[in-house]
Structure formats: structure tokens, C-alpha cells
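Listed below are the structures to be examined.
There are two complexes below, and they share subunit A, which is joined by subunit B in the first and by subunit C in the second.
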Partner chain A sequence: MVTKTEESQLNKLENQVDNGGGGAWEYLCLARKLKVRRSDKVLKYGLSILNDSRKRSSQGSDEWTLYEQVAVAAMDCHALDVAKDCINALQKKFPESKRVGRLEAMLLEAKGSWEDAEAAYSSLLEENPFDQVIHKRRVAVAKAQGNISVAIEWLNKYLEIFMADHDAWRELAEIYVSLQMYKQAAFCYEELILSQPTVPLHHLAYADVLYTLGGLENLQTAKKYYSSTIDLSGGKNNRALFGICLCSSAISQLARGRNREDKDSSPDLPSLASAALEKEYKLQASDKLSVLTSTLKCLRVSS
Partner chain B sequence: MASTGGGELKYEMAQNAYIKLVLHALKHKTSAVNGVLLGRTSPKNESLVQIEDSVPLFHNHLGLLPPLEISLIMIEEYYSARGLGIVGYFHANERFDDTELGNISKNIADHISRYFPQAAVLLLDNKKLEALPKGKDRSPVVQLYTKDAYKNWKLVAEDGGIHLTFKEPAANTILLDYISSEKWQEVVDFDDHLDDITKDWLNPDLFK
Partner chain C sequence: MAEDLVLDTAIRDWVLIPLSIVMVLIGVLRYFVSKLMRSTQVPDGKIVKEGQVIVRARNLRAAANFIPPKSFRARRAYFSNEENGLLHVPKGQAQNPQAQMFSDPNMAMDMMKKNLSMIIPQTLTFAWVNFFFSGFVAAKIPFPLTQRFRSMLQNGIDLSTVDVSYVSSRSWYFLNLFGLRGLFSLILGEDNATDDAQRMMQMSGFGFDPTKNLGAEKDGLDIVQHEWALPKFEQRAEAVLRKLVS
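And now, the complex of A and B:
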């Protein structure tokens, strides 16, 4: 996950390079550090350095990291010949390297030779059972073939060993949501909230899943997590503000005709959230203000 | 009545509605995306549905309700004042060779068809899209689904009684132009709007 500051820094560099202002190497380093997936740009800028022998050798030993980075980007863009060239260059320099062997297996995966890729990954794992990248590539191979249940099984096994891999928890949660397995997705977000309790996005995702599951208890809990999202993000999260309004509306509908205790425990919250949203829209998206107001009215009417 | 299979139901899609959704799918090549179709039944012919516009919805977590509910209310509020309603749903799967209409799509489409029984579901046909630059295909690069007599979403055969045509016959040519100029980078969806409300899901300047 990348922060807003990091993203704008990356975008600024990207614009600079696109407009001929240089900084390709800085961009490539930042992209590598942040682990973002901008393969078309990485491929373009990376090749511009690799194809220029002066620029290439001025990077010293970083040249080889660049070859690896461009190889992966090339595979993502399906420029398999470019990927092969990069891997060949790395092979010549590091003939017995397992890291290069990993790239060769990835190339098989990129070509769609699933069985060969699977075999290559399995044999690499035999020699190094703790290579996280290869474990995850195996999940990707299963996912790419549409074997989602196998992907889930392997991802779960991976997380039993590497339970601190937050990106893997998020990937698993996303897969569960795409299959409408919301209870399982909720479990993943619970793990994430436990290990990173101050990251508002986990609270938000958890609230969204709970709301989707429905039922009075889940809605009340969702409302709490939308509130904590707003708290942790300094009130700047519009999705959470909308979430509060949705929860209040849904809770009132469910609690209609029920005992007083089940009714909304914090009746001021939705009007505060609505006011915050209207203020934001007035400031930044005034042309949408009337649509927002009628939307909020709809939610109040149905409650 | 032409709302069940075997009738002469026709969908006529405006070029901009179509292109916006395909460009949206191209902007987010590594995820599933969806969108809604806006339109009306033709006042002169009740078996003709005119799809006038579209709104790209999400490229993340398509299966979550809160963003979906907010977007549908907002879109209905905006368009009903202009005489249009939600008449269909568009979906593009995450994987190239996945040609199935998934459960999330069916659920959302069921909801839409409760308010508009002749709702159309369009599923992006990746193979047709890939072949577009090479051939001279003038038909939409989507598969069309409608509800059959048993209320199931059924793929409409190309020679069936239900048709999807373009209002402007050169729609694919224009689409190809936009693809080569990478126009997809400018498409804004509801996810983008919820993350930054200054981004406009109406995409007012996209085709200017």
C-alpha cells in the first residue's frame, strides 16, 4: 500500500519523465521501492536506459537490478522478447543464480505454459521452501487459470507461515469479496486490523464487508468501524461518511417496530456525517451538491 | 409484449455510452470493472430501448454494497431529472478468457431489472475487442444478456430475436481511434470520485 504523498511524488516524476524532463532512474528506483505496478512506464523508461550503453554502465552494479525490474515489467506488458533478452543478460552474468531461475519460471508463466511454470516453481521451492515470491507466483498461476479455489487454498497455506504479509491478507480478502464470501473476507480484515490498528483503510474495508453482510448487529458494528475510519483519517474519508449515512438508514429500517434498545444508539451521527459531506461537496464539487443533497434526503426518508 | 425471449426487443446504443465503458475497462486492465447504462424506452416504440449514456462505476471490490448503493442513488437522482433511468449493466471480467457472467453481475442486474424489466446486461467480449483492429467488425464488442421467461439471465444468440445495435454505425472506428490515442487515461469512474470528489463521474469533457 502506498500513501497519498508517495503516489503524488511518483506521479510527479512520471509526468516529468514523460515530458522530457529526465529523472527516469529516480522514477525506476521509486517504483521499485514502492512496489507499484506501472509496467508500461517501467518498461519504456527502463529500456531507454538499458539500450544506451553509456547510461547503462553508469549505473554500476545497479544495472543488474534494472535488468530484473525491466524483465518483470516486460512480462506484465507481454513483451516477451524483451523479457527474454533481459533474462539472457542476467544469465550470462550470474550463471548459477536461483534469482535468475525464478525469472525464467516467471517467463514460462507469462507465456501461459502453466504446467511448465508450476513444475519450475515447485522445484525452486524444494530448494528454498521460504521463498515468498515463488509461493505467491504459484497462487497467481492458479488464479490466472481460473482455479480460484486452489488459489484460495494455497494463499491460506502461505498465510499460515507468513502471517505478517499484509498484502497477501488483502489479496485473499479481495478474492473472497469477488466470490461474495463476505464472512471469510471479514476474517481477513480482522487480522489486518489486529496487526495494523491505525491504518484507516482496513477499518473502512471491514465496515464495507459488514454492511454487505447485513443484519442489525453487523450494521451496528459497521457503523463503529466507519466512525473509527473517520477518526483515524482526520475526518477526510468520504466513503466512511457515506457509510455512516447508509448504516443509519439501514438500521432504522430494520429497527422499525422493534424495542427502543435496538434503535440507533447515536442519532446525531448521520446528521453530522451529512453535514460534513455537504461541506466537502460545496467546497470541492459544487456542481454535484444538489445530487448529493437529494441522495442524502433519500437515505433519511428510507430510515 | 416484447419483454420475454422470442419477442422483437431492440436495444440501440449511443456511441459515447459504449466507448466510455470499453475505455474504462482498458484503463483498468488488471481488474474487473462495471458500469450502468442510462436510457429509456422509445416513446414511439415500446420494444425499442434507447441506451443514451453510461456511467463507469468501479474497478475495485465490485462485490461490496455501500459504494454501489450510493452510486445508484446518485446516478438515479441526476438522470431522472433528465428523463433517463438505469436500463442496464455493463461488466468486464478480470481475466481475458473468462466469458462467464458471474454472480455479482447477476445480483446487480437483478436489482436493476426490478425497476426496469427489459434491462440489458453487457459483458465485455475480450476476444472480439482484441480482434477489433484487425477486422472490420462493426458490431459491439460485448455479449448481450437479457432475462428469459424463467427470470434467468440468458446469453442472446446473434441470430436471436433480440438485437443490440449502434445508433452511430462508425462507433468501433471511433473507439479504435481513442484506443490508439490512449484516451482511456481520462476516464473517471465512481471509485475515483469517492476517493477524490473533484473527479467527475459524468466525464463531461471526455469526448470534447
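And now, the complex of A and C:
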């Protein structure tokens, strides 16, 4: 995850380059280091550096890294001929390189020739079975073809070996949610919470999945996780505030007529959440405020 | 009894400074040679997987209080199950890492190369220092020392009445050997091959022992008491919202 200072620095550089000031090279280096996906800007400024042969040779050995970065950005923006030129240049310089082989396979993938891309990735994997990027690209090919079950199988195999890769867990969780396999998605989100307990997004996603699963215990757990999201994000997360209101109304509906064994530890929470929501809406979307108040009243009435 | 010996400044110009410069240059040379000779290592599958398992188990231990008790117990069973848990190492398989090392030809070659690149320059430089720079007092150490250090620091000097603070150039060599590590990390960046002292320490207490790590993680995991932290988050959220709304 990119920190706030780094993000602001990146944005500042981007503004500077956009408005005609210099600094394109520093922007590209920072984008490469932080692994952000600003492909259109990278493509534009990278090409301007590469096409100017003076500037290109002044970079020295970093020129080839720039070729790689521009090739990936071109594939992201579907400028496939630009990508092909960059890859050709790289191939002339490094003929037997695995890194260039990977770029070529990515180009096949971008063109849409799935079987060729998959064959290329499999052969690359045979040479080096522990290349994480190629594993993940293979999963992406399967997912793009619509073969979700194959994608899941490969992603699971990948995670058996590289189980500390939290991006992969996140991808798996999203795939499970799209297939409505919520229990498995909950497991993946738990892994994410374990590896990064202070990131509120994971708590929020986990709470969403639990709320969707339903059932009294899950709803109570979901309410707890919504409150942890609020705590971690300083109360600014509207989705968590909504989640609290919905959870409390659902819980009281389910628990009506049963003995409340678990004494509600925070009775004011739903009302505080709705008050915070109203305040936020007043600030940002005051025309929708009436809709909000009527919805909240419905939730409270039914609770 | 401290007679102040006056040391010729020529000693400083022609002994101390050239010795330091030579050691820095040799270090830089070794760094580049090691870079050239380094073979790309195909990572061993088992070791990679074990490393990742350890990271995951450590995460579980650290953040155990953030997930519900049932999930925690399920994961703990997954890791430390007696039969097929990830962290469980059956007694017979706990290989002696040294034996494993020597049987793997690649690793043995790597170790030998690293050893050679460390030992040969050290030996040569030491011989050179002894040959050219022995038999005179090279420097004075600013703090007083006991007589015990005489044999170590005053090796070429055969006078027993000279204060132990006056040392020979051999000790300057050793001082440089251990002291230039900081300088090298400035010039060459981190992870350079000249960390002799570090490497020597690593060799004596053996480095990567995966089976012991797994066992340690399993014990740590067994000890953890799960105390679900989430319930008190509700009250904290209440406090946060109260402050926000008011």
C-alpha cells in the first residue's frame, strides 16, 4: 500500500509534468517504485523520452527498464504496436532473457490469443517454477477467458506455496464473492486481516461478507467488524456507518421474541451512526438528505 | 611511567594512510569480483514454501486477536495438527542441516567460493603488512590498556618497557578490517560481500535451520491465548462517533 506522503509526492510530480514543467523521468521512476497503475501518463511521458534519442541515451542502462515500463503501460492502454516496438528493441538487446520472454507472453495475452499466451507462460514456468509473477499472469489469463473455476484452482495451488502473498488472497476473495461462495471468501478476508490488521478495508469487506451470510451470530460479528472499521478509519467511512444501522436493525428483528442473552454492549451505536451519516450527508449531498432520513427512520421503526 | 614517545609524522603519511587506502581498494575489488562470480541460484521449493509458512504462522500469532475464535482455532489446528499440520516436523525427518549442506553440491560450491573470496585477500594483506610494516611503533591508542594486550598489539616490537598504548601496524590492520565495514556500506550500498565480520559470526552460529524454525513457530502458536479484541471495538467506535457528531 502506498503511504500518504508518497502518494502526494507522486501527484505533485504528475501535476508538474502535466503542466509542462520538467521531471518526467523522476515521475516515471517513482511510479515504477511504488507500482501504481497510471498507464496513460506513463505511456505518454515514457514515449516522449524514448522517441527523443538524445534523452534516451542519457539514461544509460536505465533505458531498458524504461522500455519495459512503457511496454507494460502500452499493453494496459491497448496500444499494441507501441508495445511490440518496445519489446522488439528489448529483444535485440537481450536475446535469451526470461524477462523479455515474459513481456512477449504478456503481449500475446493482450492481443487475446489465450492459448498461445498460456503455452508461453507454461513453458516459462517449467524453466523457473518459482516465478510469482508468471503464476499470477496465468491465473489472469484463465480469468479473462471466463474460466473462473480453472482460475480458482490455479490460484489455490499458487497460494499453497506462496501463502504469504496478500494480494493473491485478496484476488481470491473477490473471485469467491463474485461466485457467491461467501464462506470461502470469509476465510480469505480473515487471512487478509491477519496479515494487515490495521487496514480498515479488509475489516469492511469481511463485515460485508458476514452480513451477506446472515444468521444471528454472523450479524453480531459483522456489527463488531463494522465498528472496528469505523474506529480504524476515524468515523469517516460511510459504508461502515450504513452497515451498523443495517446490522442493528437486522439483529433486533431476528432477536425479537428470543431472550437477549448477549446484552447489547453499545446501545447508542446505531443512533450515533445515523447521526454521523446525517451530518455527512448534510455536508456533501444535502439534496439526498431527505431520502436518507426516511430510510433511517424505516430501519429504526422496524427495529 | 608514561614517557611520551614522539612518533614521526612520516609514519602517519607512509603507513597508516596507505594501509587504509589499500584495504578500501581491496574491499571494492572483492565486491566487484563477487558480483561477477555470483551464480544465479534457483530457489529450492521446500525452502521457499517453509519461509512462507513461517511468515503466515507469524502473522497468525501476531494478529490472532482480530479474528473470531472459531477461525483462530481452525487455523491453529491446521498448522499444528499432529499428523499433517504444516508446522509439524516428524522426528525422523529433522535432518542435520550441516549434512544436508554438504550433500548439496551447489551450496557447497557457493560456500567455498565465498570462503575463498574472503580468506585469500585477508591472508595476502596480512602477509604484506607483516613483511613491510613490522618492527616499529605505528600509532598510539588514546586510552590506557593493561599489560595483557601487549602480546596482541605490540607484536613486532621487542621492547618490553614501551607503554602498551603504543601499537604496531598489525593492530592498525585489524582495526581497519573491522572498522571499514561501515564505510563499505556507505560506498557500496547494503548487502556487499565485504561484511567479513558478519559472515564470520554467521558461520559460527549456523544460519538457516528450517526445521528448528518450524518447531519454534509451532510452540509459539500453541502458547497463544486467543482473546477476541473485537467486542471492545464497538465501544471505541461509539466514542469516535460521539466525538464526530458532537
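Just so it is clear, the second predicted complex is superposed on the first by the 270 of 303 C-alpha atoms of A that agree within 3 Å, B and C clash if a C-alpha of one lies under 4 Å from a C-alpha of the other, contacts with A are read in each partner's own complex, and residues count from 1 in each chain.
In this text, a residue touches a chain if its C-beta (ideal position, glycine included) is under 8 Å from a C-beta of that chain, and two chains touch if they have at least 3 such contacts.
None of these values were measured; they are calculated from a predicted model.
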Simultaneous placement of subunit C and subunit B on subunit A, clash or fit:
fit
First (subunit B), second (subunit C), both or neither touched by A:228:
second
Partner chain in contact with A:288 - subunit B first, subunit C second, else both or neither
first
Who does A:133 touch here: subunit B (first), subunit C (second), both, or neither?
neither
Contacts of A:195 with subunit B and subunit C, given as first, second, both or neither
second
For the superposed arrangement, I'd like the angle with vertex at the C-alpha centre of subunit A and ends at subunit B and subunit C, nearest 10 degrees.
180
Using the superposition on chain A described above, determine whether A:209 touches subunit B (first), subunit C (second), both, or neither.
first
Go through the superposed model and pick first if A:242 touches only subunit B, second if only subunit C, both, or neither.
first
According to the stated criteria, A:299 is in contact with first (subunit B), second (subunit C), both, or neither; which is it?
first
Counting only touches as set out at the top, which of subunit B and subunit C does A:119 meet: first, second, both, neither?
neither
When the two complexes are placed on top of each other via chain A, what is the minimal CA separation of subunit B and subunit C in Å?
15
State which residues of subunit A lie in both footprints, the one left by subunit B and the one left by subunit C.
none
Enumerate the contact residues on subunit C facing subunit A in the complex.
42-43, 45, 48-49, 52-53, 55-56, 59-60, 62-64, 66-68, 71, 230-231, 233-238, 240-245
Residue ranges of subunit A touching subunit C (in the complex, touch as defined):
128-130, 160-165, 187, 190-191, 193-195, 197, 221, 223-228, 230-231, 234-235, 241, 244, 265-266, 268-269, 272-273, 275-276, 279
Considering the complex alone, what residue numbers of subunit B touch subunit A?
30, 32, 60-67, 69-70, 73-74, 77-78, 94-95, 97-98, 103-104, 107, 194-195, 197-198, 200
Please name which positions on subunit A make contact with subunit B in the complex.
37, 144, 146, 174, 177-180, 182, 205, 207-209, 211-212, 238-239, 242-243, 246, 280-281, 284-285, 287-288, 291-292, 294-295, 298-299
